[in-house]
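Read from first to last, the chains carry the letters A, B, C and D; within each, the first residue is number 1.
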Amino acid sequence: MLKGYTLPRTPAGTSSLSLAPPWHYVGNALAVEFDAEPSTVASFLPDGLEPESGRCCAYFAEWQYASDDGEEYLDPVRSQYRETILLVAARHAGEPVAYCPFIFVDQDVSLMRGLVQGWPKQIGSTWVTRAYDLPSRAAPVLGPGGKFGATLSVKERRLVEARITLAEMTDTLPSPSFARAVNVRHLPDLAAGRHDIPTVHELVQLKSRDVAISPIWKGTAALEFFDHPYLELPALRPRAVHAGYRFTFCFTVDDLVHLRDLRK
Amino acid sequence: MLKGYTLPRTPAGTSSLSLAPPWHYVGNALAVEFDAEPSTVASFLPDGLEPESGRCCAYFAEWQYASDDGEEYLDPVRSQYRETILLVAARHAGEPVAYCPFIFVDQDVSLMRGLVQGWPKQIGSTWVTRAYDLPSRAAPVLGPGGKFGATLSVKERRLVEARITLAEMTDTLPSPSFARAVNVRHLPDLAAGRHDIPTVHELVQLKSRDVAISPIWKGTAALEFFDHPYLELPALRPRAVHAGYRFTFCFTVDDLVHLRDLRK
Amino acid sequence: MLKGYTLPRTPAGTSSLSLAPPWHYVGNALAVEFDAEPSTVASFLPDGLEPESGRCCAYFAEWQYASDDGEEYLDPVRSQYRETILLVAARHAGEPVAYCPFIFVDQDVSLMRGLVQGWPKQIGSTWVTRAYDLPSRAAPVLGPGGKFGATLSVKERRLVEARITLAEMTDTLPSPSFARAVNVRHLPDLAAGRHDIPTVHELVQLKSRDVAISPIWKGTAALEFFDHPYLELPALRPRAVHAGYRFTFCFTVDDLVHLRDLRK
Amino acid sequence: MLKGYTLPRTPAGTSSLSLAPPWHYVGNALAVEFDAEPSTVASFLPDGLEPESGRCCAYFAEWQYASDDGEEYLDPVRSQYRETILLVAARHAGEPVAYCPFIFVDQDVSLMRGLVQGWPKQIGSTWVTRAYDLPSRAAPVLGPGGKFGATLSVKERRLVEARITLAEMTDTLPSPSFARAVNVRHLPDLAAGRHDIPTVHELVQLKSRDVAISPIWKGTAALEFFDHPYLELPALRPRAVHAGYRFTFCFTVDDLVHLRDLRK
């Protein structure tokens, strides 16, 4: 009897790339709200979602993760990772949701957990300016005037650069928000003649629990997407850049809602 | 209409982590045949496979890959990767096959292609001694007396070390062989109450075509598996180490046989 | 007229691996005090230093750096790095000092700044548990009972693991301390016959200014050094492990004292 | 008595980042000859060298290295590295030489050996298309029509892309050539008031022995340098691109000629 939530499945079940949920997360995030071309945003939406607007949000986060029993954060190479997430506004059954056309992480464990949830994860390198608990010329203040940067590079090409200057506190999280993410779980077939008939192709609604959010700082932002030879992220480049945010949040994931099988 | 063989699926379809097959590969490989404890090998086999013996083979390879139109090897960060593969002998319907309990690659694209085929891929770092077309004190001869090494490290821990000293040419590839690999494709569910009822859990037989193999060098070998806190690879550590091999091979993948749905 | 504090020196001087001082740093650090075998510690001391005891301290830090004009932390791949530092107690001219037999960083810029100061830097991978400003199962509390880990891996081998459980606040920094570091600046010659007659070989005393230190947490610790085929760090492995610490500190470097030319 | 050719110096002397010479190398290289703006090339030359022309050559190589006793290539993470080297034509005492304004490697050991020789090495990521000993759609032929690519990325930004299509064999190596490299060894001071009075600042002529070169393939080439916010390499971007080359070479280094102390 092999055990394990994901491959590899083994006698003891401790080798699986992703251990079974619940998955606990805490992270420091920067976010930049922006508008892309609405028709382009619409062209990225899967079946089952309706266009909403050109509103998007880019998130950049430094995460630490733990499973239920594990204290993976004591061997932090198992626990820490960095992530860039692009969310676009959409509607599902008339309700506002967030759809993710691109997401990049720097650890395989996070990539696997993502695929289970339909996040279209690829490996990418995200860097995020850190605040420290001491005033220093080597760090921004976490307060008015504090300047933060974030970058994304994929396969050695710089793809995104963000800058945020904090101004004031706010009660409102950036939008579109993780809290309303709808993904497509997808596993293709490799049998000859069936390459375009996926084994799994379904719309799912993400769920999280035990969410907590730090005080939220808001300010002005700049955001740039660079050209890329094959990744289509630049098609969603900002036409207008709105507010930037900096906050910490934590949550737990151990559920998901199957919305609809898209294989017809 | 979104396009793409895997996530992310996009308007132009050029952003998918893995492009659609066929996938063409060429690689330089070292291999070491060895025996692990037969009952331990049996304990790693999935439903649908029967134990055969304790015979195993560890492969270490430097690959270059291309899709059908693409010349990914001209932007080699898209094309090159290194891999360690452990295969164990098994039987399926009475026929000898190879089963892979552990496999490690260093590129996300390869990881994704692997998951589609049921390879239980994780990110790991493989290094393989290179031969060059000039005699040098910095490289082994590709011939009698030539010494080659290979190593595997996973999440910053050295897990495997191999050494091979070539002695003679042979007509026989190492065994168990890729050519008979049977994998388990597996995608778990995340909906509450269904964490142990996978969405996909099936036995598949891999296929390849247009296989070509260079002259095969064979010799003596040493192979060591190091302790690890949670990866169970050391349970399969060698009780006896047999021959080592060095060869180049190439092949194309665009098919797979669905053997059996293991969800009962 | 080429410009640049270090190589490469170029017309505009912006390409140098290390920009000119002052260098501003802020970092979160874990530290573990321990005793190694005193005679072994003595065997690692350079000419000009006298043995003091077997007292050592291992530091693990996540740094952010900036130069005077630059806001390198807005492009954090230029600014952030992680470091493991081993310091041993010694005496110079009768005064207690700290000597560094081994230090590992993960960025070339830090390596170059280090060589200028005589730090014997190599590339290594350090991971340090992070505290966050929210209670979470994915992070320790920065207070009594909070558990932190740190690891060092060098060329893919795990070399050091540390664990600390915080208990109480203290006014005392760990010892031996950075504040008293004495290094050996060293540049060998490559001319035939002169490989053991270094171009630079001198004892220097480090200096820092504008030092600030956060509240310091102290507690119990575990520390393990693993075997390595050629790095001699395990010779300094703990015979007794004392307190562990967690604190944030910042400082600026733009000076150094030349103590003595060791070339006789 | 501490031992070691470079820092760290230790009781057994096996921990030094670079072991003592001789250093044996073998590598597969691509090279592209091109012309940059002559006055810009002149502006990159150090004191002691005279301008020659705008002729430059970019080299991209996959190396394997060994010391005299060591068989580092059996633990290849110690031995293998990739490198991009830019050489520009210059004159010294009327004789043609090659000067290196920029060079990038991906291993600390190579960086340290380089600094000893005055190579202005930084960490960068080079990828080079590989040829294999089997015909495959995943690799170019090493012969007429074979297409090879090489890329350089530094701190996550793509900086250089090269493409070469082989046409014919030649007896002539690309120029400017390694065989005539003149470097500046440089170590700055950190003592206050002396930041611009380097401890070491001298012109040196590199030497190598036991050089061997494979058959040399030559063909057409493309070469592109991308903009960068602070690295001045793009100032040397091609005005005209000439031939491309592919060859293997090996050599040994254990000597160097001190030409002139540049500190006046």
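Here is the rule we use: a contact is a pair of C-beta atoms (placed from the backbone, for glycine too) under 8 Å apart; a residue touches a chain by one contact, two chains touch by 3 or more.
None of the values given here were measured: they were computed from a predicted structure.
**Student:** Please name the chain that ends up farthest from chain B once chain centres are defined by their CA atoms averaged.
**Tutor:** C
**Student:** Over half of the contact pairs shared by residue number: find the pair among A-C, C-D or A-D that meets that against B-D.
**Tutor:** A-C
**Student:** How many angstrom lie between the CA centroids of chain B and chain C, rounded to a whole number?
**Tutor:** About 39 Å separates the centre of chain B from that of chain C.
**Student:** Rounded to a whole Å, what is the gap between the Cα centroids of chain A and chain C?
**Tutor:** 34
**Student:** When the C-alpha atoms of chain A and chain B are each averaged to a single point, how far apart are the two points in Å?
**Tutor:** Computed from C-alpha means, the inter-chain centre distance equals 30 Å.
**Student:** For chain D, what residues touch not just one other chain but two or more?
**Tutor:** Residues 75, 77, 125, 151, 153, 156 of chain D touch two or more partner chains.
**Student:** In their complex, what parts of chain A are in touch with chain C?
**Tutor:** Chain A reaches chain C through residues 24-28, 62-66, 68, 71, 73-77, 79-80, 125, 127-130, 132-140, 147-151, 153, 161, 163, 212-214, 248-250, 252.
**Student:** Report the residues of chain C in contact with chain B in the complex, numbered from low to high.
**Tutor:** Contact set of chain C toward chain B: 125, 127, 151, 153, 156-158.
**Student:** Touching residues of chain C toward chain D in the complex: what are they?
**Tutor:** 2, 5-12, 14-15, 17, 20-21, 43-44, 46, 75, 77-78, 101-103, 107-108, 111, 115-123, 155-156, 184-192, 195-196, 199-200, 229-233, 235, 253-258
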